[in-house]
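Read through the structures below before going on.
What follows is a pair of complexes built around subunit A, which joins subunit B in one and subunit C in the other.
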Partner chain A sequence: MTKLKLVDVNYTYSEGTPFRKDALRNINIEIEDNCITGLIGHTGCGKSTLVQLLNGLLFPTSGEVMFDGNNIKEKGYDLKTLRHKVGLVFQYPEYQLFEDTVYDDIAFGPKNMGLPKDEIDRRIKEAALFVGLEERYFEVSPFDLSGGQKRRVAIAGIMAMDPDVLILDEPAAGLDPIGREEILGGIYSYQRKRKNAVVIVSHSMEDMARYSDKLIVMNDGEVFMQGNCREVFSETDKLLSVGLDVPQITKFMRALKSKGIDVRTDIFTVDEAKAEILSKMGGCGNA
Partner chain B sequence: MSVPFIKVEDLIFTYDDEDSIDKHYVLKNLSLEIEKGSFVCVLGHNGSGKSTFAKLLNMILSPDEGKIYIDGFDITNPDITEDDLFEIRRKVGMVFQNPDNQLVATIVEEDVAFGPENLGVEPSEIRRRVDSALETVGMSEYATHAPHRLSGGQKQRVAIAGIIAMQPECIIFDESTAMLDPQGRAEVMNTIAKLNSEQGITVIHITHNMDEAVKADRVVVINEGEIFLDGTPKEVFSNVEKLRRAGLDVPQVTELFYDLSHHGVDLPSDILCEEEGAEILSAWLKK
Partner chain C sequence: MLKDITLGQFFPGKSFLHKIDPRTKIISALLYIVAVFLCDSIMSFIILLVATLILIAMSGVPIKIIVKGLKPLIFILAFTTIYNVFFYKGDTPPLVHWKFITIYAEGLVFAVIMALRIICLLAGSSVLMTYTTSPIMLTDGIERLLSPLNKIKAPVHEFAMMMSIALRFIPTLVEETDKIMSAQKARGADFNSGGLIKRARALIPVLVPLFISAFRRASDLAVAMECRCYRGGSGRTRMTKTRFGARDAFLFIAILLLGTAIVLSNIYSYYFPIWLT
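Then we have the complex of A and B:
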């Protein structure tokens, strides 16, 4: 079901000044529940502006943002509730922690929603489990944690609000391969259990190939491509034409094809590549 | 044989852990030599001790035990003077991870001038150095812009220009590409390679991005405070299993060749880039 819908949305920064900039042009997208949507594009393509429109931190210069069928710009629309239902984890959220203990920091959101104590407690424990944060850290000051752990605390804080739509802006940025997998894997299993809508903003095609169901590719303030992963990834040329980075293995399959080997080029994981190549080898009886 | 530019002997660095009697060893008995003019990548997962190692090299941190020589000069000598420290930090410059944390001025060229000004360089010479540094990093046209309006990659290049203007002999990049998007990353990597090849600056690049490590002359993998692997990129990345155990990835093409060789296909294990791999595999398939 569609949770959020953007209709003909435009957004312009600093209208009427020399710094005027069209950040978004003619955006029409739908964010559905029971789905992980990957939002991909260069820095400056409008991704971060777009996510801020999704929970009413910014309002479009023109066009409509609809949540559950209601226009959020309508007079009297309850924006506070909207922000409880559409949770946004900013980039580098580890810089936003402020409470004395990890537990209190995760509790901040649900507490402000006016939930009873035992429900808050239940949610904190559940969220901590998803992000892989052990309970022995609960009474520790968040400032004594490593960067990766702080980020888990910040993400858990939004998960504990149990939003209908969870948006994460570059949740794995700057982490090493294990850290990336733990964070993204945690978000994945959270979404599969809740069946809510999750939007992940990322630069990494490799990560999105693994974790998202649907992709929205932005370029220069516009929606450049959208569809399921296979549809988007089958058009490598189009992605490369706007300078988006495709996984190395995809470039490799293309290079192989250009050398006269008849292989598929819509491949984004090493396992797929291996299967494809082994099948070619089987064909010539060498393997 | 010439004296190595950096020589590190039996370096030990510990953090005190309040909760336990045991000291937490970040670096244990680390020894390493780095030749003048080389391009070395230091790899390791988060918490492996790689950033601590970097911060020891220009005495932002000082070791518990062990010796560090820069250009033959013992910087761990307890009698070191403030002037000596200034000189070490001029010789060994450092670019950090977050582009927003290291720019101090409100105009790009003033920011680049900050270092030489503090070294007491003549104004006319500062002018010359600033212009030449900005040209080297390809940011001349932004000389009079405000840093906060630049992209991440551009900010990092300004930070690099600020270091170059102090005429260092070595620059340490402490995960300077981690917070950048693919485009910004490529801009910074090209600048780093150029400084090394054209100006002969010794480069120590700390990263967990394998694709970047492939470009170096030498790769040093630090794991649990010790040197785990050390060699050319080809030598290091052919140890697929070992790298995985250290929580690191290998380039996707290397992984593919490794997997294929486990299926009884006789292929080299030190393939790093897609073109080289496609060449070899296509020849093999056409056999």
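Then we have the complex of A and C:
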């Protein structure tokens, strides 16, 4: 089911001044339930602007943002409730922590929603579990944690609000490979359990190939391509033409093909590649 | 919202005033301010107004921008004008006398003069300094003007460095505040409702991260400066050296002439028709 829908959305910064800049042009996208949507694009292509439109922190210069079929620009629309339902984790969210303890910080969002104490407690424990934060950290000051752990606290803070749509802007930026894996894996298992809508903004094709069901590729303020991973990554040349990358393994399969080995090139995970190569080798061995 | 605040109103350009040495501009601005306060007669105000308009023309800054820069003053202007209109006690019979309200003709004139004085003061001095001098040049100028104080062991260079760093980081901090506010709003924080205490409390989630990041930035910057062998002012050379030239002399003389003209017009005000005094 479609949760969020953007219709002909344009966004211009500093409209009417010499500094005006078109950040988004003609955006038509849908964010669906029970689906991880990957939003990919270069730095400065409008990804971060786009996500702020989704929960009403910014409003489009023209066009509509619909949540559950209602236009959020309409008079009297309850933006506070919208922000409870569309959770947004900003880039480098670890710099927004402010409470005395990790527990209190995760509780900030649910408290603002006016939930009862035991419900807040239940949600905090659940969210902490998803992001892999052990309970022994609950009474620690968030400022004593490492960068990666702070990030988990911040993400858990939004997860505990139990949003219908969870948006994460570069959740794995600046982490080491193990940290990336743990954070993205946590988000993945969270989504699979909740079956809600998750949007992950990233510029890593690798990560997106692994974790997303659907991809929206942005380039220079416009939606460049959208579809499922296979559809998007099979058009390697189109992606490369605007300077975007494809996963390493897709490149590898293309290289194999150009060497004359007849393998499929619409492959974007290592497991799939392994199966494909083994089947081709098996075929050779049998012949 | 926060982005609309203009800080460090520098307006890049290549006008006559832009090219003048920052030191000249600082001293001229001080002289100009003294001149504004010397104005006493209506004639002197006419001279001041003309001079200010000439200064604005020389700066190449559009009038629109200057008017926009004066906007924050509206409240103060309105207050002084209203105050003077209603509370100035003149010698002539009042123009209006109704219940507790008495308005004198002198009060009206004085109110206009005060408003003009404030407008000229701000427009003139900001055209001379902030609009036409980049913050870096400005602190540079201040540092060089104050450099004699080095003799009495005053840390002039350190002071100037602190000022330029502070100026440099204002836009960064404004942007950061904006970002943190958005992030906390996304977590359901509410900054726009409730009483004064509730609103003040709502700022804690913004202020704590902001202070932490400001300290983090400061310590990062200190390390970065030390890595590049910064060790204070002694022996430091400059990339761009400013020199006094013919332009600077011209501006000095022009400002001194303005001052003289104003003083003279005050002294000889009785030579002018009575309504000009």
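Assume the second predicted complex is superposed on the first by the 285 of 287 C-alpha atoms of A that agree within 3 Å, B and C clash if a C-alpha of one lies under 4 Å from a C-alpha of the other, contacts with A are read in each partner's own complex, and residues count from 1 in each chain.
Here, a contact is a pair of C-beta atoms (placed from the backbone, for glycine too) under 8 Å apart; a residue touches a chain by one contact, two chains touch by 3 or more.
Just so it is clear, the model here is predicted, and its values are computed rather than measured.
Contact with subunit C, but none with subunit B, is seen for A:55 once the two complexes are overlaid on the shared chain.
When both complexes are overlaid on chain A, the residue A:93 reaches subunit C alone and has no touch with subunit B. Touch criterion not met for A:137: it reaches neither subunit B nor subunit C. Set side by side, subunit B and subunit C differ in how many residues of subunit A they touch, and the one touching more is B. In the superposition on chain A, contact of A:158 is made with subunit C only, not with subunit B. Of the two partner chains placed around the shared chain by superposition, neither subunit B nor subunit C is touched by A:103. Under the contact criterion defined above, no residue of subunit A touches both subunit B in one complex and subunit C in the other. Those residues of subunit A that touch subunit B in the complex are listed here as 42-44, 92, 146-148, 173-179, 203, 206, 243-245, 247-249, 251-252, 255-256, 258-261, 270, 273-274, 277-278, 280-281, 284, 286-287.
Of all residues in subunit A, only 52, 55, 57, 80, 83-84, 87-90, 93, 95-98, 108-109, 112-113, 143, 157-158, 161 touch subunit C in the complex they form.
Of all residues in subunit C, those touching subunit A in their complex are 179-180, 182-190, 204-205, 208-209, 212-213.
Against subunit A, in their complex, subunit B makes its touches with residues 45-47, 97, 151-153, 175, 178-184, 208, 211, 247-249, 251-253, 255-256, 259-260, 263-265, 274-275, 277-279, 281-282, 284-287.
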